[in-house]
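Just dropping this structure here.
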Amino acid sequence: MGTLLEVEDLTVWLATRNGPRKAVDGLSFRVDSGEVFGIAGESGSGKTMTAMALLGLLPHAAKTSGRAVFEGRDLLAMKPRALRDVRGRNIAMVSQDPSTSLHPMLSIETQVTEHMRHHLGIGRSEARGRAVELLSTVRIPDPERALRAHPAQFSGGMRQRIAIAVALACEPRLLLADEPTTALDVTVQAGILRLLDRLRRERDLAVVVITHDLGVMSAVADRICVMYGGRTAEVGPRETVLTRPRHPYTRGLLDALPHPEGGAATLRPIPGSPPSLGAVPGGCPFHPRCAFAVGSCQEERPEPVLIGTDHRVACPPDPLGGAA
Amino acid sequence: MTTGSRTPWRQPLALVGAAFVVLWVLVAVLAPVLAPYGPLDQIADKLLEPSAQHLFGTDQLGRDVLSRVIYGAQVSLPLAFLLVALSAVIGSVVGAVAGFFGGWVDGTLMRLADLVFAFPGIILAMAVAAALGPELRNAVLAVVVVSWPSYARLVRGLVMSARNAEYVAAGRLLGSSSVRTMIVDLRPNVAGPVLVMAALDVGNAVLLLSGLSFLGLGAQPPMAEWGSMVVSGMDYFDLWWLWLYPGLSILTVVLAFNFVGDTLRDALDPRTARAIRG
Amino acid sequence: MKIRRSAGALTAAVALSLLTACGGGNAAGPSSPGGQGGKTLVIDTAFQLKTTDPARMYEPSGLLIDQTIYDTLLTFKGSDVTKPVPALAESFTASDDAKTFTFKLRTDAKFSDGTPVTSADVAFSLNRVKNVKGNPSFLMAGLTVTAPDATTVVIASEEPNTAIPFILPNPALGIVNSAVAKKNGATDAEDADKTDTAEAFFNKQSQGSGPYVLESYSTTSQVVLKLNENYWGPKPVYSRVVVRNTQANVQRLNVQKGESQIAVDLSPEQAKNMGDLQVVNGASPNVFFLFANDNPEISKISSNPKFQEAVRYGVDYQGLVDLAGEGAVQAPGIVPSLFLGALPAADGIKRDVAKAKAALAESGLQNPTVKLNYPSDVQVNGLNFGDLAARVQANLKEVGINVELAPASVQTALESYRGGTEEMGLWQWGPDFPDPSNYLNFLPGQTVGLRAGWAEGAAPDLEELGGKARTTVDDAARSALYVDIQHKMNEAGPIMPLIQPAQILVGAKSVQNLQSNALWLVNVRELG
Amino acid sequence: MSALLEATGVAVEYHRTGAPPLRAVDHADLTLARGEILGLVGESGCGKSTLGRAIVGLQGTTSGEIRFDGRPVAPLGLRRRPAALRGLQMVFQDPYASLNPRRLVGDQVGDGFLLGGTSKAEARRRAGELLERVGLPADAVKRYPHEFSGGQRQRIAIARTLAAGPSCIIADEPISALDASAQASVANLLVELVRELDMGLVFISHDLSVVRQIADRTAVMYLGRVVEVGPTRQVWSEPAHPYTKALISAVPRADGGGVLPVELPGDVPDPSRPPGGCRFHPRCPVALASCAHDDPPLAILRDGRSAACVLAK
Amino acid sequence: MSSAKPKSGTPGAGRRPARPGGVLLRFLVRRLAAALLLCVGITLVAFTLTQLVPGDPAAANLGQSAVDDPAAVAAFRAKYGLDQPVPVQYLTYIGNVFQGNLGVSQQSHRPVAEDLAEFVPATIELALFAIVLSLVVGVALGVVAAVNRDRWPDQLLRVVSLGGVSMPTFWVALVAFYLLSFKFDLLPGTGRLDPVLSPPPYTTGFYSVDAALAGQWDVMWSALGHLVLPSLVLAVYTVGMLMRFSRASVLEILGNDYVRAARAKGLPERVVIVRHVLRPAMVAIITVAGVAFGSLLSGAVLVEKIFSWPGVGQYAYRSAVNLDLPGIMGVSIVVAGVYILINLLVDLLYGVIDPRIRLT
């Protein structure tokens, strides 16, 4: 399992009416081929912007710095045209809501094959044949007929399967899945998660799953990065992060969830609310909400520090260290 | 992610527009001071080319075109404001009633609006003006007749969507009567879009009114009205100063209001903005 | 919207002029006319056209067109409308009481289908005009037409009618091919107003004996005439004539570019600096006049004779002439200069502000304010009523009379004008036929007189003169009577003739013998 | 424990032009006691929100009866709601849509008092108190909704309903539009208020784990029907209906175990054309042949539980 | 969300009624009924309006001397049915209309249907020319503005489009005529055709089309040449309107997830804009194009006057000022018909563009 994507010190500035503001701030992580890497965090934590930065699809007037080396090439330094050739072919995306991410007016065939034909230069019938195969891979019944249909004729779960087929069309090495199941019901979500899991096993596909749902994370991810205020709070193997979190924020998130085995105990929310863009506090971005904050947290920006096997935490006081 | 485009008053276009609006209002108010001559004074030789003495030349009766253009603002601007206000009030009331009661009331009122929409504005205005007799007052009425439905549709749409809004439902559950809810919740939501539409509509009103005058159904000569000045200038086609300046005046007034209105529209919610076609 | 020249009374013409709101004329790219063999003549005019059926036609553009299609018993030559000349009738005799006119037809005249023109055709055509009760039927009022033999036509009038030879040249009285017309629904029976259905036929296919026949017809864009192959007279120079509906300002452009050969509706101002073109500046038979209502029930002010005098001397006639442009003249009396009995130019009233002020003082009115009605949406000979009214307002201001302008559309204004309810009015009269008897309408108790509140018995001496003029046959005596009448009208009374505008034709140099005719504007037949 | 809220045989149909009527809720029964939290769960389109809206009167019913405190709840027309029903309030899902963006927070919260007959000044003062009670700064009164975060807005919406002095609140997905930490705090607030004010709460949610955490009893809906009701603990540990079982096992757990949730094949059928027999039978892993034509009613089991399944004991 | 989810993901498996014909028929019947109602409403309005007019059609349409002749007036009134009570006049009229008889115009003395057959195509030809021009230019510039949002091309185009909708049409016509035809003689000025040419044989009433059908190429070129200037002038307003609107709807579409998804596929920007953005944006744009067509008819009234274009606008104007009831009613019906037709066309285009509409 080699490293497929290495992100180093990724910073994204977005244009706001008060000037550029950092949405992602010095983020570093790596994704190995064939693994599922999870990025977790609340809204505004910068997780979606990270994915957009990798694809070169940031909104107008946004800027980036840092490096994101994919198969030896720095995505952030590539010319738009060259990046376009990587996009959809080597790195594909599945987004949150299949009812909005599939084009409502184009046939499934067009949507599954158009980039195949563009990137791979194959003919209409060949692309069609592949599309049929793809649709059966994602378990769409009667793929021939499905190709002639439009997205509105499918249920949410089916649409997401189609969206995944679209993403897989050019056999990419990396799939960026941004909240791939958030818009779906739990019973359907289970199916999609199983599909993702199967695909990465069968196709040696690396998947970056972006989600706020730690339950989803726990089900599919091999390694997890927890983001807060555009920065890494904690990154490490799934089991370590979810069972022995070392960052107070990770701990807080887990505590806010309904307790795994029930009991009438009330939920324990994290006080306050996540910072909005351009209002990220100095020092450790989490310090105003942190129960363990010490004086230095207000000034010093903690960098993620390796504290265990592949486990990094950006919290120098390490108040949970003993709890592990 | 949005940039500064949502703050209308910082936009240069809106500023230019506002400046021109103010300028024209001043011209209208100060016409007697600004104009070198009276609008009907036959003070010079006829059809003189523009010169230092008569900046915009003179017309076929030896009247100073500049003075007539200046006095023209006294005709077009107040009338435009008046009829936009009339249309906005009438249209808003009709729209609110239709949206609020729904059912056959809505059906009837909106079919009426459709009827008006089915006609190209000027043709209906023409018919109305012709029916009532070609006078400026009747032309104003005609323009009101064709312009209220846009307000009715806009307000009806806002009322209908507000009717289904959860905050209205919440108010109703608290025991607010439907009328009170509509007034309390709707007034602040309708005022903005209606104002924006009105700003854009001032331009349209000026255009429509001058169009009617151009057809001879609005202001009658010798009144110094821009549209009718253009049409009398048309008799002397190659004496461009007769029709160029009144037309330019219409253009700048309309453009100014459109600059302001359009910028304001951009600040609105896009779905509301779409209902305002200006 | 221009009335270049109205052959009907103004009111009719004005109403009609609305029709012409402008219609489609065709200007074209700079291509030479005559692309379809022979010479093509393009005439631009602002259409006042409803039909080419002579029995229903009474609009200026219709007169121009029908004059080329239909022959009449008598006609006028060039611009001279004081002398009717033979046409289909070789000669005629009038009885001494001016009640019976006998016409001898020429024998070589043929219709466009080759059949000869007979007296039956003449009787049919004229009786049809009378019985269809269309716009021109008043021309035939009180007249009876009979055809005692194939070449003789007798027109009998109930009243002495010296104007008959002047009426007959009107193209509305053109002679149609009665056999073909009857086959297509035409009738001259008493109830023709209900039973005659031939109008559409006449608009598709002309049935005259004139040099041209109708090729295509539209009331809005253009009428195309082509040569009548069976024409009995000398062949005209132009084999095809296109009469296009064009606004005056565009006419100017087209004729300058050579896209048309004749522009009919230009005002003197528009006809300036025309370069290499001929400008025929004929006088118009139209007369603009002002009236101050003589009916005290309508206005105590305007009916005051001294006020009327103040107005009469307060108006700057020369200024109005200047406004009307080159070729316009003051109307010294109500009868236009081209007609018998017109006053010499020197007899016109001169402005005299002092006299006017004195009269106003005598009237006992302090700073009187009066309302002046006029139609604001029409032009006559390129003149706006509004412009003239604005001038009159300025003139009277100097005398001490405040004039409130009351413009209205011609529809609205006509109502009050015809109802005689206007305090002051600015209107125009175009003759129905070129004879001074048409102007007896201006006398007290008559059509126009009543509109000015001039009731019967208001000026007995004038009325008596009028009665005499109506029945006098001898031209010299008639002329003297009309001069007398106009002198009296200029001394007192509610009606003040103002100006007679210019009637201008602008034509290409290539058009020979271009003359302006008071009745049909251009005599296409005579062009060389 | 007398029923605070009682819905019997409620059915709601939507009529659409050119299509068969859509029966969003089909003979649903629910009861709620004072001081009780009832969780109403189900997947999207199962009719849980429609049922909630029908209960408060925002949605007309085709048949069935809803009684609040013994009084029938009539659907809202143009007239004002009877004062007796002010005790029955609703909290909506989207705190962005349920607050008027152009009215001051204080005015919106004060409405409840104002309509209860207090003076304007008094209403404003008490609105301030209420806002503090739900954990917002007192100066929130003079601010507009857009100045608050999602969680705070939902608190404002809750404060608004509290102004009417409710004894029963229907909360329609009150936390699903919020961030994880805000979800917990809003849910906690609701629970706290129920206990403190001895209200009843119907907590409508698609998130089983939250319902499990806070609800006393849970009702599960499928395709317009209530298929199972019972004390939360029992429903969770021993689901009687196969659908409930499937729902529970599909919930992923954030335990770091890497266990993939169980998939329930198929989609929810079109509610305008529900399958015959038991509505769940096409997707049911344990369906019998008879399930295709026998439509089991909601049958009472032991321990206050009921389920609509022939296999339920 | 679609209202009907196919079971188990089989698209359209038996669930959806496969009777597109039935749906279309019902749609057409409903449309037709609405159209009929609108027509009746419009004639009623037009009729009422003309009854309000103080003037007398007899006075307006008879010559002055004829008006003084009671017999002529009576003949006129009897001929046009004006001697009947007003409601009877209306009912008679409506009855005739349903038999395809629009009456005889009082001012042109021709059957109104014949007049309209001549004038309506002239205006439609002009308006079609202008709308096509406006759509091409307006949408293209709108897209340019949208993709360059808030940068200089957008700002510039914004001024251009606002300028377009702010110009008094009649004045633009004058300026354009003065400059392009008079001063520099680049384009033919007035009318539909060079006067030496005869109109082509009537098939559609569109000179350019009829000429082409008849193979009269010189006539066709002349007709096209004459269309240029007036349609340019007409298009000034609609280009501005469509540009502004296209920009807005393209911007709205650009914000959609599916556009981002298309970009994430690595498609060239051109493909993204044309296939993924423009198509959905067209739904909104053609709605406005329908409205724009209406405003073109308005503009036509003014432009026809200046360019001596024998169109329905002029006919309407002349009917209105002459109190020509049959003419006014005829124009009203035609205008309503055009309105209905355009709405129908717009609806059908929706179906072409958006399969979801076709399917439900």
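Brief remarks follow.
By letter and in written order, the chains are A, B, C, D and E; residue numbering begins at 1 in each of them.
The definition used in the following text is that a contact is a pair of C-beta atoms (placed from the backbone, for glycine too) under 8 Å apart; a residue touches a chain by one contact, two chains touch by 3 or more.
In this text, all values refer to a predicted model and were calculated from it rather than measured experimentally.
Shared contact partners of chain A and chain B are D, E.
Highest inter-chain contact count (C-beta pairs) belongs to C-E. Each chain gets a centre from the mean of its Cα atoms; for chain C and chain E, those two points are 40 Å apart.
Inter-chain centre distance (chain B to chain E, centres taken as mean C-alpha positions): 23 Å. Chain centres here are Cα averages; for chain C and chain D they lie 88 Å apart.
Across the assembly, chain B contributes 3, 133-134, 216-217, 234, 237-238 as residues in contact with two or more other chains. Residue numbers of chain D whose C-beta contacts span two or more other chains: 265, 267-268.
Of all residues in chain E, those that touch two or more other chains are 5-6, 8-9, 54, 150, 182, 305-306, 317, 321, 323.
Across the complex, chain E is touched by residues 8-13, 15-16, 18-36, 40, 42, 50-51, 56, 58, 133-138, 141, 193-194, 199-200, 203, 216, 218-222, 224, 242, 244-247, 250, 253-254, 257, 259-260, 377, 409, 411-412, 414-415, 418, 432, 447 of chain C. Considering their complex, residues 43-44, 149-152, 179-185, 187-188, 191, 206, 208-210, 212-214, 233, 236, 246-247, 250-265, 267-268 of chain D touch chain A. Of all residues in chain E, only 37-38, 41-42, 45-46, 49-50, 52-54, 150, 155, 158-159, 162-163, 165-171, 174-175, 177-178, 182, 241, 244-245, 248-249, 252, 284, 288, 291, 294-299, 301-302, 305-306, 313, 316-317, 320-321, 323, 328, 331-332, 335-336, 339-340 touch chain B in the complex they form. Against chain E, in their complex, chain A makes its touches with residues 55, 57, 60, 84-89, 92-93, 95-97, 99-107, 110, 114-115, 118-119, 140-142, 145-146, 148-150, 152-158, 161, 163, 166. Residues of chain E touching chain C in their complex: 54-55, 59-69, 71-72, 75, 78-79, 107-110, 118-119, 122, 181-182, 185, 188-199, 222, 225-226, 304-306, 308-311, 314-315, 317-318, 321-323.
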